[in-house]
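In the two complexes below, subunit A is the common chain; its partner is subunit B in one and subunit C in the other.
This part shows the complex of A and B:
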């Protein structure tokens, strides 16, 4: 059985997700897990604009994810969960059985160091990812499906 | 007389820069056109680039695609601002025309850009 793909990407819904991963996965369902957007109807309208009509988009808080995760996992092959930060990922992993994580875009900010051109991390974020790796979550970095997936050990070496 | 409109071109990769350079090659200048790339940007960082590019002036924001991070950041930025209009699906023809109509109102200039851009799409022969 396929594990549902959880992607950390601070751009959330954008071309790499909708087109790149969308075509590769035959995407039918995007779940945007973000507490602030879950509480903001106008931002939800904004993100709906970026999704093809054949793809369903759902907005969830981390708390919602605790109960909804099994439903999302039931169509794992065609579903992607989008999160905007490593902090949200850590919170999600605390309430749901996340097993597969794709680091797709974590961009430069003060205090972050470059690991890949599309992955910049603070030491605290790197430590959180190491802890999830030790807990058995399969983590790799890959912006688009046609590029090589970089395993977490290599990313943080 | 009010200040001429600013045109901000927002794109993936180096497309915006290339479009503005192409306008300059055709017209001899690209005054009032500012390119913004989403390269290396989070949503928040791209919005900040837009704030700097628009510079508080009335502006038309030309976005490459009618969806995606460039459009989302532009719509979020322009929300509640009557002096900013967004045109999605930028092309070279509309930018060249815009350069000579920066004295229009923001919304007239945006409508004109869409009409010009649409007219430039043709199947030949």
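This part shows the complex of A and C:
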């Protein structure tokens, strides 16, 4: 059975996801896991506008994810979970059986170091990813499906 | 709330044409958005010497990315928020939230819709109509919606401010998003036989054999050996093989 794809991308719903991954995966369901957006109707309205009508978008908090994850995993081949940060990823992994993670875009901020042109990490974020890798989560970086997936060992080498 | 003069909107509209000039992975089009927004921020209390202007400019040049043709929506909405004296953290939150949706809507509308549709019509007319008609059709069909989108975006952004979802939810834009993808597919489907028919009349058999072999090889490479090849590189590879076949 396919594991549901969890993507960490601080832009959340954007063109690479909707057009790039949307076509490659035949996306039917996008789940945006973010506590602040879950509580913000105006932000949800904006994200809805970015999604084609054939794709369902759902907004969830990390706490929601603990119970809803099996439902999302049931249609894993056509579902993607979008998270805005490594911190949210670590919290999600603590409550749900995440197995496959795609780092799609973590951009420059003070304190972050460039690992790929589209992945910048602080030392604390890199350590969190190493810990998840040791725990058996398959992590790679790949912004769009036509690019090569860079495994976590190579990314953090 | 102060309102910038019309000339400021004109300047911002023109500057938005260069919004990608300073593109980089660190801030993407953030610097371009700041440069484009600057005329709208001059009318803040205290003018260019005032602290509101300085603080707004610092925020305006931070990391940002969106479809370039829809960046006017962000420039207008963020400038309006600054003029309405919305707290800085909320302006930054609005900016962060606009990142994704403006990219997703623009990519669907332009890169996956208008561009392939206009290109297909241009190609079909180049293959079947007098010289120049195809090029004129491509430039017109692409640039009329493109310029209209830029002008509408800046106006709608300023009018809407933080309520930008309302602007993106206009019936015309919703209808365009619904039909542009299928329309592009239909246009490409109509153009391919017209272009192939035109090529079949001028290419020699050897060139066709070489093109078929090249296309098959490119397909194998693209499908199994190098999934990261991408459509553009695949197209370039096929074009080189066709050219070699023609020369041979």
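Here is the rule we go by: the second predicted complex is superposed on the first by the 157 of 157 C-alpha atoms of A that agree within 3 Å, B and C clash if a C-alpha of one lies under 4 Å from a C-alpha of the other, contacts with A are read in each partner's own complex, and residues count from 1 in each chain.
Keep in mind that, in the parts below, a contact is a pair of C-beta atoms (placed from the backbone, for glycine too) under 8 Å apart; a residue touches a chain by one contact, two chains touch by 3 or more.
All values reported here derive from a predicted model rather than from experimental measurement.
Aligning the two structures on subunit A places subunit B and subunit C in a clash.
Once the two complexes are overlaid on the shared chain, A:156 sits clear of subunit B and of subunit C alike.
Subunit A is touched at more residues by one of its partners, and among subunit B and subunit C that partner is C.
When the two complexes are overlaid on their common chain A, residue A:66 makes contact with neither subunit B nor subunit C. When both complexes are overlaid on chain A, the residue A:55 reaches neither subunit B nor subunit C. Of the two partner chains, subunit B and subunit C are each touched by A:15.
By the touch criterion stated above, A:146 is placed in contact with subunit C alone, subunit B being left untouched. By the touch criterion defined above, A:90 reaches neither subunit B nor subunit C. Comparing the two complexes, residues 10-15, 18, 42-43, 46-47, 49-51, 107-109, 117-118 of subunit A contact subunit B in one case and subunit C in the other.
Residue ranges of subunit C in contact with subunit A, taken from their complex: 25-28, 63, 65, 67, 96-108, 111-112, 162-165, 168-169, 177-178, 181, 227-231. Residues 12, 38, 40-45, 65-69, 71-72, 75-76, 79 of subunit B are the ones that touch subunit A when the two sit in their complex. Subunit A contributes residues 10-15, 18, 42-43, 46-47, 49-51, 84, 105-109, 117-118 to its touches with subunit B in the complex.
Residues 10-19, 42-43, 45-53, 107-109, 114, 117-118, 145-148 of subunit A are the ones that touch subunit C when the two sit in their complex.
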